[in-house]
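Everything below concerns the one structure shown next.
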Amino acid sequence: MTSEILLETKGLEINFGGVIAADNVSVEIHAGKNLAIIGPNGAGKTTFLNICTGYTKPNKGNVYFCGREVTQKSPRQITRMGVARAFQIPQLFSEHTALENLLIAAAAREQRWAPFMKLGQIPERDEMMHLLELVNCAQVSDRLVNELPEGQRKLIDIAVALALRPKLLLLDEPTSGVASSEKFGVMDILTRALAEAKVTSVFVEHDMGIVEKYADEVAVWAAGAVQLRGTPQEVLEHPDVIRDVIGEEL
Amino acid sequence: MRRWLTLAASAAVLLSTATASAAEKPDELKIGITAFLSGPASVFGEPAKAAADMMIEEMNAAGGIGGVPIRAFFVDEGAGGEAVLSEYRRLVQDVEVDAMFASISSGNCNKVAPLAEDLKVLNFMWDCGTQRIFEENDYRYVFRTQGNATPEMLSTVLYLLKTKPDFQSIAVVNQDYAWGRDSWAIFSTALKALKPDVEVVAEFFPKFGTPDFSTEISRLQAMRPDVILSTSWGGDLDTFVRQASQRGLTNTSTLVLPLAESSLERLGNALPPGHIVGGRGDHYFLHPEKKSDPEFAEFVEAFREKTGAYPIYPVFHMSQALNALKAAYEKAIEANGGEWPSHEQVVDAMQGLKFQGLGREVQIRSDGQGIEAMLLGTTTKADGYDFAVLDNMMLFDGGQITTPVGEVSLEWLGTLDQDFLDGIEVESFSHGQ
Amino acid sequence: MNAQLFALAVFDGVAYAALVFMVAVGLTLIFGVLRILNVAHGSFYAIGAYLTASIGGAIFAAGYAPWLALPLMFLAAAIVGIVLGGPIERLLLRRIYAKEDALQLLVTFAVFMILEDVQRLIWGTQPYFEATALQQLGNIEVFGVFYTTYQLVVLPLVAITVLISLRLFLRKTLSGKLILAVTEDRETATAIGIDADKVYLLTFVVGAALAGFGGALASATTSVVPGMGADMIVLSFAVVATAGLGQIEGAAIAALLIGLGRSFAVYLMPELQVLIPYLIMLLVLLVRPEGLFGVVRTRKI
């Protein structure tokens, strides 16, 4: 049984001054299957995410989301179509509280503009509080985000992405910067929230323990191309992967 | 045969150029005129240009000067000193004007005078007031067809002393640039010489173009001087008078405004009665000696129709310059036996020249400076005008109040005394007269 | 200096500061959101003044009621914001947001020069004066000195109202929060789908209208002459730099500082009066280069 194809790329190529960051990349991402992307540094993993979310335009090739071409669209347009992105450094409004960040995202989603309404009065408030609960951050809803620890900032960042009701969430190293002891806790909350919101995720990761536990599929990137793709067991025990990727991690 | 013809032709040419030492009568008499056509001082330049256009048209309709029509070329002083100088050169050397009228700005006059002397072109300082030019140097080609700052300020002091002999304290609010500073230096030197016991309570020199005198006015209200002098003009004067009037400063102090003739109409009812106004010469659209003169009245009406406002002193200055030029040419033509004069002959004719613009007769004296009468008055309200007009007017003869030839103004003024004051002849006029 | 003079200096300083604030706040708002230093801001001020003075002069001469003065000022501000500010942002500024700062400065400077000529073309070079609003309200006597009610009471009140309204709008309302979000981090804001184009347009129009309103208010107190825009832009730059770019409350405090500084200088050292705003700016920037309330911004990427 094949589930719906959310994102599809065909023949992506991009060349940064001699460095081939994407080499004929053709990939399908299916709904409900969380994909982990691994590979050595400089392999083009982040470039791939950038192309899919409109931050970089490829020299050649196409990107389709739910069947519609999005190759030349702006990040904002792609976001509004249902692809959200969470960056390595959480992109939050540090002078605002956790809840305010979510409310702003909700307002943006609904394109609300009321000059006389207070932010806290928008109809989406309950929905946003629920999202905060989902990521276990409801208790800090009134705290300024720049006062919170990195783990919570990450989760709130995810919540903001979820506020936009995406179908697909692309994450750039979701546990980087999080203390080792907390990594699994954060990922537990994250995957549970995504499952409940019915959001498929694609995440770049360097921690193989995380990959093994939380990914449904793994794809290996090297020299701008997908070298291998399969279940975590298949990929992580492949000798080339052990040599080139995991070896590097140790 | 051919050689004989050539000889005869050459002789004929030589003869014709030699006779009567006459210069070639030109197709048109070209004048270069500098004025502020942009920037704050265009409040002077624009009316002056309008007047020049009108007067030249009229003069040409009557045959021009010596039968030659006049053509004016204007230079905008608003483009800056450097631009003025290069345009000046171009007009003299390329366009070959017969005379230059320059300038409104004393700064420009300071630079233009030596340039005119260098280029040997007849130059009339038609509006700038600095008295230093003839006091510091001698010129053959440079003349001033109007008074200068010294008689203007001295007549103001005299009018003040004659109308308010018992005032005790004075403050000054002048624009912070050469004119503002120099005019105060002249005024205060004369005042201290003639009334040593007067107290100067404050000296304010706000920035040129300042939009707000609120703080100075507050201070002046607290100090309550009897008299407040301001030689400012244009927007600055308008603002100062309006703000002073709004806050009631004009109730407690008498304003003395030597350049306010040029702002009377614009100020409307903002300038209350009882304040002293001057016009840098005997310039006033209701000049007591001239207003009944049909030519004068006609000109005033025509000017008003063309520009929408009554003429102000730059207009009078322009008429003086044009009439001076005409008088000089006519004098030179007569001295030349009716033939068109050379440039040098016109310059020679300027010595002692008498001419008349819209006001009283002006005479050029030996150092090139014009002797011009001065008119001051006190504001009053009168029927038929929705702005202040002048009453209790005094006309001062220029000869008595201009620094004698060869002396420096600030030194001469310091020597004035009560005898001088008593010896001043003045004629008085009221508004309706 | 005794108590009377001190009080007088304070009153004068506050009245002056109120006008300067109106212009500076628009400038700092535009910079905070669009990150463009709008040199043409001075022209908005001047055109607001010219519109009010010329239209006011015409209608009051025709006999219309004096209380129309204030609505006329709002109208002038709106015209400046919408008719002038809107097209400038949409047609011109939008194309240069990604360009380097020097180019942006040149472009707004060019707009400023064009608008200076436009003023001359439409209104000529003679001074305009329309003081009906001020005259209607009469004088107040304080410590033996007469002030116009307009300058002593109305202007500071209006300035404070604008300050409070802006603050409430930005911090409490939805639109305000969205503007603040875009100001804080344009990339994040765009990433979550905020229509930054709309925010920029709105901000520029409001900023321009504020400057126009400042000019309209000022026109009742002074002669409207060519070049008043240039003077005001230099002064408001000094205020904005002192306060810290993008700081609205800071602009109020800096305007007050500079207003009081200037008026005390007139009382104590008149020669320094013109220098004061720039001396204050210099001193503040030497100690705190980002301005009194400025935030040192780190770039995200």
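List of remarks:
Order of writing sets the labels: A, B and C. Residues in every chain begin at 1.
Here is the rule we use: a contact is a pair of C-beta atoms (placed from the backbone, for glycine too) under 8 Å apart; a residue touches a chain by one contact, two chains touch by 3 or more.
Because the structure is predicted, anything quoted here is derived from the model rather than measured.
Chains that count as touching both subunit B and subunit C, per the definition above, do not exist in this structure.
In terms of the distance between Cα centroids, subunit A is separated most widely from B. Chain centroids computed from C-alpha atoms place C closest to the centre of all protein C-alpha atoms shown.
Inter-chain centre distance (subunit B to subunit C, centres taken as mean C-alpha positions): 40 Å.
Computed centre separation for the pair subunit A/subunit B is 80 angstrom, with centres defined by C-alpha atoms.
Rounded to whole angstrom, the centroid-to-centroid distance between subunit A and subunit C, based on C-alpha atoms, equals 44 Å. Against subunit B, the residues of subunit C that register as touching in their complex are 4-5, 8-9, 11-13, 15-16, 120, 125-127, 129, 131, 134-135, 139, 143-148, 151, 218, 221-223, 225-228, 231, 262-263, 266-267, 270-271, 273-274.
Looking at the complex, you find that subunit C touches subunit A at residues 169, 172-178, 180-181, 184-185, 187-195, 198, 300. By the touch criterion given at the top, residues 75-76, 79-80, 85, 89, 91-96, 100, 103-105, 107-109, 111-119, 121-122, 160, 163-164 of subunit A touch subunit C in their complex. The touching residues of subunit B, counted against subunit C in their complex, run 38-40, 42-43, 46, 176, 203-207, 209, 211-212, 214-216, 218-219, 221-222, 234-236, 238-239, 242-243, 246-249, 266, 270.
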